[in-house]
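Starting off with a structure, shown below.
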Amino acid sequence: MNKSVNKGIGYAGIGEKIDDFLLIKEATRGVASNGKPFLTLILRDATGEIEAKLWDATKEDEEIFVPEQIVRLNGEINQFRGKLQLKIMAIQPAQPTDDVHVSQFVEKAPVHRDVLMEKLTEAIFEMKNPAMQRIVRAFIKKYQEPLLTYPAASKNHHEYVSGLAHHIVSMLALAKEFHTLYPEINKDLLYSGIILHDLGKLKELSGVVTTTYTIEGKLLGHIPMMVEEIGRVANELQIEGEEVLILKHLVLSHHGKAEWGSPKPPLVREAEILHLIDLIDAKMNMLNRALTKVKPGEFTERLFAMDNRQFYKPVFDE
Amino acid sequence: MNKSVNKGIGYAGIGEKIDDFLLIKEATRGVASNGKPFLTLILRDATGEIEAKLWDATKEDEEIFVPEQIVRLNGEINQFRGKLQLKIMAIQPAQPTDDVHVSQFVEKAPVHRDVLMEKLTEAIFEMKNPAMQRIVRAFIKKYQEPLLTYPAASKNHHEYVSGLAHHIVSMLALAKEFHTLYPEINKDLLYSGIILHDLGKLKELSGVVTTTYTIEGKLLGHIPMMVEEIGRVANELQIEGEEVLILKHLVLSHHGKAEWGSPKPPLVREAEILHLIDLIDAKMNMLNRALTKVKPGEFTERLFAMDNRQFYKPVFDE
Amino acid sequence: MNKSVNKGIGYAGIGEKIDDFLLIKEATRGVASNGKPFLTLILRDATGEIEAKLWDATKEDEEIFVPEQIVRLNGEINQFRGKLQLKIMAIQPAQPTDDVHVSQFVEKAPVHRDVLMEKLTEAIFEMKNPAMQRIVRAFIKKYQEPLLTYPAASKNHHEYVSGLAHHIVSMLALAKEFHTLYPEINKDLLYSGIILHDLGKLKELSGVVTTTYTIEGKLLGHIPMMVEEIGRVANELQIEGEEVLILKHLVLSHHGKAEWGSPKPPLVREAEILHLIDLIDAKMNMLNRALTKVKPGEFTERLFAMDNRQFYKPVFDE
Amino acid sequence: MNKSVNKGIGYAGIGEKIDDFLLIKEATRGVASNGKPFLTLILRDATGEIEAKLWDATKEDEEIFVPEQIVRLNGEINQFRGKLQLKIMAIQPAQPTDDVHVSQFVEKAPVHRDVLMEKLTEAIFEMKNPAMQRIVRAFIKKYQEPLLTYPAASKNHHEYVSGLAHHIVSMLALAKEFHTLYPEINKDLLYSGIILHDLGKLKELSGVVTTTYTIEGKLLGHIPMMVEEIGRVANELQIEGEEVLILKHLVLSHHGKAEWGSPKPPLVREAEILHLIDLIDAKMNMLNRALTKVKPGEFTERLFAMDNRQFYKPVFDE
Amino acid sequence: MNKSVNKGIGYAGIGEKIDDFLLIKEATRGVASNGKPFLTLILRDATGEIEAKLWDATKEDEEIFVPEQIVRLNGEINQFRGKLQLKIMAIQPAQPTDDVHVSQFVEKAPVHRDVLMEKLTEAIFEMKNPAMQRIVRAFIKKYQEPLLTYPAASKNHHEYVSGLAHHIVSMLALAKEFHTLYPEINKDLLYSGIILHDLGKLKELSGVVTTTYTIEGKLLGHIPMMVEEIGRVANELQIEGEEVLILKHLVLSHHGKAEWGSPKPPLVREAEILHLIDLIDAKMNMLNRALTKVKPGEFTERLFAMDNRQFYKPVFDE
Amino acid sequence: MNKSVNKGIGYAGIGEKIDDFLLIKEATRGVASNGKPFLTLILRDATGEIEAKLWDATKEDEEIFVPEQIVRLNGEINQFRGKLQLKIMAIQPAQPTDDVHVSQFVEKAPVHRDVLMEKLTEAIFEMKNPAMQRIVRAFIKKYQEPLLTYPAASKNHHEYVSGLAHHIVSMLALAKEFHTLYPEINKDLLYSGIILHDLGKLKELSGVVTTTYTIEGKLLGHIPMMVEEIGRVANELQIEGEEVLILKHLVLSHHGKAEWGSPKPPLVREAEILHLIDLIDAKMNMLNRALTKVKPGEFTERLFAMDNRQFYKPVFDE
């Protein structure tokens, strides 16, 4: 296949020709002024997304061109009301023989999942407290596959494939350094808290590609779901003792305040640190990604999850 | 025994003689200006409490006169800095033969525990949804004894023996009427939510007499503890289906807002109603008890849990 | 007349023919790209509303097709930008001989005004305190007609014909049950408060059909206006005594907090209960109407006046 | 009589002898460590107040030495726990022949009541709008006596005899200048608003000497009470027209925000200015009085009603 | 030239012909549905602004028609989606010989800059404290030109040419009267504070015509920039003593609260007054300008900087 | 000298004899019930503090025993109202020959000042940007002595001798690790920001031993004072360029939010990180010191600067 967009949809410019595979992220039906139905498609690859109109859509089109379907598309980049749009010349669903997978069309963590798994394993191996080590190991074993593919959130930070594992591994690296600088920290407890704190998201979020919230996620949230599951796993492993209570507390309190979803604030040293490390890594992820998009002397777009601030990149930062 | 205080400590006046059994609620050691140790005792019966000083306290005294100890006390009511105080003439620990029990010295719900149990049983009997009915029944069976003795809170409302059961039974009566007026309400769900919503307090609070918070209560709180236990009980009963999720949601959301300890606000009709009924019954309990203490034309003392308001009793309310 | 829309505009689907009377709710003038003026009409019947464009509108059209005018309309349901639109084939103002009234085109309370009046009368009849009874009776007599037609609010809850009376009567039913469960309540006071609390809205709101705020309503609000009028009516009836003061207080404080428009919070038991009952009935009205529009397993639209929450209808709620 | 304290109690120092008339502001009964009752008296004259203990108080003493009683007192200034105290040598109630009046023992406005009355009269005379003028005149006539004696508040600002009139007259002076600088202002409206805005306090506060809140004041507050009375007076004068509504709005909104007691914020130009002028004069009164008590280079005590700030008096302010 | 718009763009009506000079405030490129580029221009004169489309724009057009360019334009007022639009018949850049300047196309203060300068000079002349007088004089000398042209803000109040000087001069007039009514005020300090308080805006804002924020303005804000500059100027003038500290404090605290940008609240009498006078003059400027646009009996548009309120103009205000 | 208290005042128990040098931290005059004056002294050494009464104090005593005076004291530890008190047998001011210095009686950082200075020097040596390096070097040179002795705050965190330098050095260590984990960080900028951020406290706080706020500190605060000084130093060094602006911004924004004293929030990556690192090190300092005082299974006292939380020390933390 003659791939016209070498760098990906996220980098395409006006007038460029497209002949490539793309993933349908959203598909909405409309009726044109001539009374005929059409489809508004949001198409994406691993670098970004673009809107396209499929005019005079038939009933069959509506059934074929649905979210998560991969399509082969021939077209050209236009502009409409200041935004880029993809004019469709030809479109057809991908065939099994095309050997394309949904995972090729989504953004991924900058670190490979095998490396992430290795780092996780190392951290668990370092732990000395058997109760915590066994609980954490049980969770990793149970959730290994989704843990290595899920995003850390549906938007804002680490919202890409393997985002959750990437977030955990970055936090573990921070924790290691914190422990060196403040040796009073119980490293086992902090490591366990970091690995477990967001695993409830594997049930709160619907999946990797078009991430929404599950009904359970909407009605309970990942924090109480995870507190419950720590209890269940500890029970199955017949682990008793304060470690279980403290691990639950770390998960419960890691949002820091009641109004942010933690019914109890951090009341154990490592709970406070877990909250801080979580905050730091999420902020650094948002900030660094936003700043790579602007040149020195410019401001970033508004960052919603950072109080809507626009950050400045100094001119000496070249 | 010649009981001098007929109506109880809560009604005693200056100059009155006391010769009665009392319960030690608190005992604190001090050193007098003459260098000798003394004990400050808070003594109570079912009607109220009073402070007393035990001067020149020996080591033995310090070991004997401790919280939850019942004592036979001979003394007189004085006044010190505007507050009543009990001057001790003679004091000795109660003997097994005295046949007095801690339960006689604490405030109790105005309804007998057997009646409360009966009302609870009736409500469960009325339920038609088998999943909810079985879960609720399992909890009542497991916690029957503490449920019938615990207060609903350590202070503010229903803070007396059987307060929790009294609160639940009043709420069930309200629920019944709400269901009549708004027949869209799922009565089984609302009944279940009412019975379960505060059972986590049986683990959050330390006990009936001198109620404090357990470590588990401080680090997790009764809401997440109860959500977890609903999951465990449903598991043991092999009950699946949305009922379990929705029951957890009702418990989780019953404080109404994140800042009041519910990570999710009510998102199911009966969850909203549960929250409202809980609020109403707590407020009515505080309000009615405060207003019985004042005469028409007067204001109550400040009610901390009602935004520190002082309520007025109209003169025509006679 | 051959009524094509059997169930009403609120239930019409694409392609359906319309030949019916409709009420103009709004009419806005625009100029088309061809330079000719047109009218955008919002048309409604008792079940819902729809937009329509009247192209090439003449000066006469602009004078005839104005808000609150009933029209006979022949047309067809189309779709434009995802919303239904009514394509006008023929339109003409209703004639006196058509025997149609504005009241037929607006939503109404689910209970007939005669029944509402009867319930009100019953409640007043039950009252024993002559001062309160006479004041309430005087108000009902003075405002009977608007009270039985006005909505309780311009949006959010009970925003339909007879909404105010419907709200009052529901609240009276709740009050009756509250009094049974908490006999300390002064029923006469609570009944009076319920009947009077929102009567100021009859002056704050402009009318029944296209409800806006009057200048007096904007500058004073219904609460101070009603407090003043209670004073005037009591004066006319030569009623003195604390009842008048307490009734004013109930009206003044029924929004519960200063930031919600009550300069004083409830400071009398029945004032607190009035506030709670008002809240409950408004919430139940919003909640029940939103939930009837969705199927089990779905969430409602966002409810603005309930903190923008979306409520879930459990699947077992069938 | 040999008046030992020339400048008044507010200026007395340790060791000074006292032989003068003082007013009892508060009297509280206590029981000493020797078991005998005593009275704690707060005594005041026009310059300040001081505490004194009357030991071994008899039943008669308790009946004689009550608030608002003037006493002839012989004693000496001591210090107790860092605060001045008055040691009583001899105390007896003032006699009719002593020719002393409560009004001599309270702080007064720095401007004489006749001057205040004159300024008020002038302002009313300047007004051209007959409706406003007649309403304001009627109020002044009705409330002349209390208006010229009441404080503007029970504490914080203008909390002295004639404080309310002093506050009004200062505000009128400000209004006159504002009108010169911003001629768009309707002077009659602003003058009327200033004169009327706080007259409700004459019913909200209990009196001049030991100012507390009336029951009506607690349950309604001066704002709604005054809105009602404007309506009544206008009615009696048979004045109609928008002036009445706007005057009510000015009174209603003069606290500026709902959370400060105004159900509607200022929505008319003069309402906004009235609110600002009220704020300014209250602040200047507090600030100037606090700063006269400190030397250049010092900070004042914390001013509660000015966000608890301590103000600095520059050294060049000599 | 035949000026068709006599009163200016701000007063033009539908159908009116335009043949006049206008200033381009904004120019944005778009692509039409026929694929050809066009420019959306915002054009203004001293009375207001209007949108226009320049269809089939060439590369040259894009380079010529840029912000701050003055153009000679021939066209007609149309309406599009309820807003006025200017249909361009002919457009060309103004020539040097046309003798038109940007300053003619922007709103100006209602008082001439020479008068403003004179009032400033007078105020400084009145000052007696040499330290303050010399500092203020140095600033006026250094910034005379921008001070007399800059707006006081980029929007909301005094957002016109000479707006800053107009604001200062109005505040000085208020200060003079305040000083008469409250003679405790240190007039020199208040005058100095008023003149200096917003001079930092000359560096915070980019300029007079299309006012935006400078990078320095965004990262530091005018308050800390001005505090620093007072220090520098005092240093250059070799002025020491508390005057410098207090002047810095007045500038630092003039926004009144930390959340409004003042790290310290006013802690000196004149600082508090400066804050109040600043507030009053800004509010009066917004309020008076909004009210001149409406008729008696109407409400203004929502005023964003006044809590989004709509103000009412009484009918007797004619 | 025979030092009876081996571990220091902070560890002394009831009945212990004291014969040692102590520093007077506070001295307050009182008058006893027998009419004689006495002094209440707060005495301290490097481990803690204790109260003592000096009865029958003469005029000379009042002049000798003042804050910051070192005394030789012979006495015994007693208890009064539950708190330890030191009974004075003999007290006399220290003599020059005693060779005792104030610095021996105050708490010190756990790291020696020479080590702190060395770490600072290393960090500056690592910097590559000459503008930042020169500015930072100039500040260190100018303030070396106070920087190495001042506390970081008057209470809450690092409130001991060399606390500021200790805080800075800990933050530099954190910064080094952050830079390794997030290499996008400009290390020079972050190092500079850390070293400079709190130097304004050297002027805001009065000194090392009995730390209060200076007048300049109260009226301006350390942040604006330091922004000004960075400008002055850069000027003296003739350094221009964006580095100066960005350094000012880092100092200005390091409290994170306007309500916490930063008129601008962090708008540069390193400003955000500086704020986070400052927060972390302050919290860890408070938390670790509070937790060393309690045993496993206990809660700490309430930590005011951490939202008044009490932290739990797990039992497995032994």
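Letters A, B, C, D, E and F mark the chains as written, and numbering starts fresh at 1 in each.
One rule holds in what follows: contacts are C-beta pairs under 8 Å (C-beta built on N, C-alpha and C of every residue); 3 or more make two chains touch, one makes a residue touch a chain.
Just so we're on the same page, UniProt names per chain: A, B, C, D, E, F = 3'-5' exoribonuclease YhaM.
In this text, all values refer to a predicted model and were calculated from it rather than measured experimentally.
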| message | Starting at subunit A (3'-5' exoribonuclease YhaM), how many touching-chain steps does it take at least to reach subunit E (3'-5' exoribonuclease YhaM)? | response | 1
| Any chains in contact with both subunit E (3'-5' exoribonuclease YhaM) and subunit F (3'-5' exoribonuclease YhaM)? | A, D
| Partner chains that subunit C (3'-5' exoribonuclease YhaM) and subunit D (3'-5' exoribonuclease YhaM) have in common | B, E
| remark: Dup interface of A-E (contact pairs over half shared, numbering-based), picked from C-D, B-F or E-F, is B-F
| Among the chains, which one keeps its Cα centre farthest from the Cα centre of subunit A (3'-5' exoribonuclease YhaM)? | D
| request: Give a one-word verdict, same or different, on whether subunit B (3'-5' exoribonuclease YhaM) and subunit C (3'-5' exoribonuclease YhaM) use largely identical residue numbers at their interface, taking over half shared as same. | output: same
| query | Counting C-beta pairs in contact, does A-B beat A-C or the other way around? | reply | A-B
| request: Please compute the C-alpha centroid of subunit C (3'-5' exoribonuclease YhaM), do the same for subunit F (3'-5' exoribonuclease YhaM), then give the distance between them in whole Å. | output: 63
| task | Using mean C-alpha positions as chain centres, tell me how far subunit C (3'-5' exoribonuclease YhaM) is from subunit E (3'-5' exoribonuclease YhaM) in Å, no decimals. | result | 45
| task | For subunit F (3'-5' exoribonuclease YhaM), write out the residues touching at least two other chains, lowest number first. | result | 215, 218-219, 246, 267-268, 299, 312
| query | What graph shape do the protein chains here make by touch: line, ring, star, complete or other? | reply | other
| message | Taking the top-of-page definition of touch, could you list the pairs of chains it picks out? | response | A-B, A-C, A-E, A-F, B-C, B-D, B-F, C-D, C-E, D-E, D-F, E-F
| query | Can you name the residues of subunit C (3'-5' exoribonuclease YhaM) that touch subunit D (3'-5' exoribonuclease YhaM) in the complex? | reply | 215-216, 218-221, 223-224, 227-228, 231-232, 235, 245-246, 248-249, 252, 258-264, 267-268
| task | Note which residues of subunit B (3'-5' exoribonuclease YhaM) are touching subunit F (3'-5' exoribonuclease YhaM) in the complex, please. | result | 28, 30-31, 33, 35, 215, 218-219
| Contact residues on subunit F (3'-5' exoribonuclease YhaM) for subunit A (3'-5' exoribonuclease YhaM) in the complex? | 129, 170, 173-174, 177, 180-182, 184, 186, 189, 241-243, 246, 265-269, 272-273, 276, 279-280, 283-284, 287-288, 291, 299, 306-307, 309-317
| Mind pulling up the subunit A (3'-5' exoribonuclease YhaM) residues that touch subunit E (3'-5' exoribonuclease YhaM) in the complex? | 78-82, 299, 312
